[in-house]
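For reference, the structure I am asking about is given below.
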Amino acid sequence: MKKNISLAILAIVLLVLPLLFQSRYTQHILNMILIYVMLGISVNLIFGYIGALTLGQAAFFGIGAYTAAIISTKLGLSFLPCVLCSAVMGCLAGFIIGIPTLRLKGPYFAIATIGLNNIICIIFLNWEHLTGGAVGISGIPYASILGLQFDTERKVYFLLLVSVFLIFLLYRNMISSHYGKVMIAVRDNELAASAMGIDTAKVKVIVLAISTTIAAIAGAYYAHITNYVAPDAFPVMESITFLIIIVLGGAGFKYGPIYGAVVVVILNEYLQYFEQFNMLIYGVLIMILLLFLPSGIAGIVEIAKAKYYEKKKIYYLKEVGIDEMK
Amino acid sequence: MITSLLSQQIISGIAIGSIYALIALSFSLTVRALNVIHFAQGEFFMLGAFGAISCYMLLGLPFWLAIIITTLVVAALGIALQWVFYNKLWKSHHVFLLMSTQGTAIALANGAMLIWGPDAWRFPKIFSENVYKIGGLTIPEEMLWISFFAILIMIGFNIFLYQTKYGMGFRAAAQDRETAQLMGVNLAVADSFVFGSSAGLGAIGGLLIAPILFITPYIGPIFTIKGFTAAILGGLGSIQGAIFGGFLLGIIENIVTFWISSTYKDAIVFLILILVLLIKPSGLLQKKTIEKV
Amino acid sequence: MLKINKINVFYGNLQVLRDVSLNINKGEVVAMIGANGAGKTTIIKTISGILKPSSGEVLFEGEDLTKLKIPKITGKGIAQCPEGRRIFPQLTVEENLLMGSYTRNGDKAGKTKDYEWVNSLFPILAERRKQPAVTLSGGEQQMLAMGRALMAKPKLMLLDEPSMGLAPMLVKSIYDIVKTINAEGISVFVVEQNAFMALNHSDRAYVLESGKIVLSGTGKELLDNSEIKNFYLGKKVES
Amino acid sequence: MKKIKIIALALVSAALFFIPNYSSADSTIKIGILGPMTGGSSMMGQGQRDGILLYIDQINKAGGIAGKKLEGVVMDDRGEVTMSINAVKKLLFKDEVIAVIGTPNSPVCLATMDITEKEKTPQLLMGASPKLTEKPNNKWFVRITPSDVIMASNFVDFIVKDKGLKKLAILHDSSDYGKGGKDAVLAKMKKYGLEPVCVESFNVGDKDFAAQLNKIKASNAEAIVLWGLYIEGAQILTQAKQYGVKLPVFGSSGVLQGAFLTLAGAAAEGLYIVTYFSADNPDPKVQKFIDEYKSKFGVMPTPTSALAYDCAVLLGDAIKEAGTNKEAIMAKLRSVKNKTGIIGKIECDSNGQLGQGAIIMQVKNGKTVVVKSM
């Protein structure tokens, strides 16, 4: 009950947020944050809860974006069918790629996903009559549902807010359900989990497919909001950015993706002050933040929470225990 | 005709492969000892080349001195990064270390851009530009030199690791840090050795290729990705494997470009990489080792 | 020779050892028995410096070890044979043994002598000299771990669960070797779940329960103690 | 828990409120400079920025435009599509610039031109892809860079008519630039009824071109048309020399950038280049620009600097004539006729293409000489 009240407060605050910010630029940044929250959730599921280090999530983001772009420009389908097709493509891609590669352990899986992301980008770049090649696909229509066009930053904000809220609910219920415990068991000790009778391979593949589906949905939104997709929006660097979001936000924590997306997106905007120095500062800041946020922002919030309730029990240390994932 | 074309591709592949081998070697060091993929490896390479440019072209020092200074400075940088940033992350999940090296890569590349500018640099030739023609095959001499140095460095490392006491200690530390420490291995020194030598080795690689390739501040990531592809093909963490993988990658790239498609060359290379990971994750060269449970 | 004074050790917030004191004299074999999770390995790790006590001191020949770094402690003449052997799997048997003498600088003749001695204690190791250690069987790995510890020319040897996972026959030969080692003047501190074996082969012994020492005495005394019989020996006496 | 969440939210909101604001007095006219200041194409972006800042400096020293000073707002798009969308929205919504100049990357141009169109703000594009001018409904951009179609058609004319070479091999990079060029060359060759004997590609950042060169060598081509950027260009020429490929090479404008002549050295000898700007062009206007640029920034201008400078001049002229009304500025830009800039002839056609000139040059004794000027 208490959880739902706080969720409701959060929802109300988020709903009135765009009214506080009259600047359309700030609204755009809020939209970017929401898209990155979706992507953060997708990476958190597979990395934070299953422990598979993915450096190829941008590939699925791209698959979703390209699917939506191709379907809407070539077949003229409207927004919702596009999102659905993207989700299906993302899910299929997750299954096809997950079944062989999820057997790989630790860094090997990460390397396989880097290779995969590169392959997908090369396909985007070279399958010209479908993907438009290097210049991509432009002129993707704005999202529209039942004749309502989402063509301003504020309208897009509400569209994204509702979608992110739904995805977040799904994700929250998933990780707090029995299945969430199974996922954590697989992450923390695969051997023990399989000894308990869990089909760990199946759990991993299913979670990867869910995660890639969310990434692909985010891609569909991206295509309809920016009206343009090109291969260089989905490189491995982008996958690394997703991972940075989740690591800074707190991997394996429910609210990790939100904190991370807010910090990384806003950080990049602040850095525009510094012209050609901005990337140098960005790199150094990442290194420093990682030093001081050993379990992400969510970890600090958890510790603060624990202190707040004066329940400094080992229980919390365990929950903050990304260390224990090692 | 076909055989001579094929052998020409193989020779050209070995030529570029010698460069890949050098990076793969520095990659393998950090992976074998610390189980860390060091994303900034290509940046050390780039710094080595720029160090040579600064010392040799801008300060006018003799080449041998430029090599020594650059290698030492870059190795010191690697060690400094380890002490300031990586040591503390050691206890956390390895993704922190991975992301930290990625932050390092971004910072180094952009720092270099601010110092040396975004334009490309060319280092004066130190190797002869001769080209040998043997039976219709073209063999550039400078590539022979690089292959020679790559193999020399490999032999040097092998001697150090397998013939000396400290090398044995570092190998032990790579397998079981805690127990190695109990035996008296100073882990801090061992880690610094790994980070320092892999950075320094990267720098030497950069120095060697500076006269052949052109150097820009953003050259790093390409070498990073080629380096670890090569390292995996040969067997992640194995020193001979790294050299072998480097040459193999060069040959595969050339043959694929020549006979299949230059457009999909990289895609095919990555596909081979994934297949190797799936079928023989210990690399093409290594014997399958029994995994410790 | 080794004197532990009221040490308290924590893992995070969890206290593992409470006011533990014990001492080992020169030339003794001292055993510590206790159930799984009682904190036996923690004591070993505290002596070798992997864990630092929050209070109390560990004196070795009058010097406080808690202030020293791990490699320094090894250099003082304390060699450890850790739980689960922890041999270096990819190193050869010979290299594993040489790892034991890592801290002994110079003294080449002494090292060669010890190497010969270890090979005579464990002839099987000489046979497998060039094999990677991972190819050895469990018993051979235990011998390798002990041989490695002996290569440090220790004054005190710490043995953590030497009988774990070994067949009874092998356990017996391991303890025979402990006796041989002790006869060379090396003190041995052995930590065991296999109480019968440990008590039978030790001069004195301590019993650890939930991080506290609850009993101590000579091996014989403890073997006859009724509580010990009930809790630790149980079926093993009959077998 | 609630409290913490609220505190966190408050912090986030505070951060949002303070998102950087480049506010300045109303007495300035702001021009957005959108380009890659970092990343692999930062050489172009920094040259672009300096070219525009040079013009702004000159105008402000002369008293500004109608009493108002010009101000350049630099935004780093890192050469990435997603970043550029954020950057251009910041220019439009936060800084309320009067026009946007940029960027040299065609994908980034495509990503941002719809946004400036929607906000009815002129954008002066610098990408070379023919795709940019294939948007008849968008009336809010002009493109300064002579497109690949202009370059390629002049070049093929030169190769086929003046040089009499018919068997061509095309070597291009796999980016939008190289592919756009390849398509343009192919289209023009078709008009002559020619087919290339060999088409090979490489990636930006590749270091080894042995396989492509060997293939070309085996294909009996008479000449190579090279469409790519300068680092790869220099490497290809060097390796071609090593592997004994002695065909004449015809390079695109991207080949003659930055330190190309130093990088390629002797291997560049005899190379033909089609471009719009060269430092060795004896035209006094060009030489004046080079002198001013060099004295302000201490380095040689790049072709991108020249493009950007011309953009700034055109925009400044439009503001002088039309005031700060964006629509009027756009109308002026779209009706530019018969002007000559640093990059040669500038005239707006119905698609919004401004730059029309092309010069063909050849490298002789380590310097470029103009062979033909269109």
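Letters A, B, C and D mark the chains in the order given here, with residues in each chain numbered from 1 onward.
Definition applied: contacts are C-beta pairs under 8 Å (C-beta built on N, C-alpha and C of every residue); 3 or more make two chains touch, one makes a residue touch a chain.
No experiment lies behind these values; they were computed from the predicted model shown.
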Distance-maximising chain from subunit D - centres being C-alpha averages: C
Central chain (by mean CA position): B
B-C or B-D, whichever has more C-beta pairs in contact: B-D
Approximate Å spacing (C-alpha centroids) for the pair subunit A, subunit C: 50
Inter-centroid spacing, subunit D versus subunit C (mean Cα positions, whole Å): 73
Inter-chain centre distance, subunit B versus subunit C - centres from mean C-alpha coordinates, in Å: 42
Between subunit B and subunit D, centroid-to-centroid distance (C-alpha), Å: 35
Shared-contact residues (touching 2 or more other chains) in subunit C: none
Multi-partner residues of subunit A (each touching 2 or more other chains): 126, 276, 279
Subunit D residues counted as touching two or more neighbouring chains: 38-39, 42, 46, 174
List of subunit B residues in touch with subunit A within their complex: 31, 35, 37, 85, 88-89, 91-96, 98-100, 102-111, 113-114, 225, 228-229, 232, 236, 263-264, 266-267, 270-271, 273-274, 277-278, 281, 293
List of subunit A residues in touch with subunit B within their complex: 47, 53, 100-101, 103-104, 106-108, 110-112, 114-116, 118-119, 122-123, 126, 191, 240, 243-244, 247, 251, 276-277, 279-280, 282-287, 290-291, 294-295, 322-323, 325-326
Subunit A residues touching subunit D - in the complex, by the definition given at the top: 5-6, 9-10, 13, 17, 20-21, 23-26, 28-30, 32, 125-126, 128, 133-136, 138-139, 226-228, 230, 232-233, 238, 259, 262, 266, 268-270, 272-273, 275-276, 278-279, 301, 304-305, 308
Of all residues in subunit B, those that touch subunit C in their complex: 165, 168-169, 171-172, 175-176, 178-186, 289-290, 292
Partner subunit B, residues of subunit C touching it in the complex: 48, 50, 70-71, 74-75, 80, 82, 86-91, 95, 98-100, 102-103, 134, 148, 152
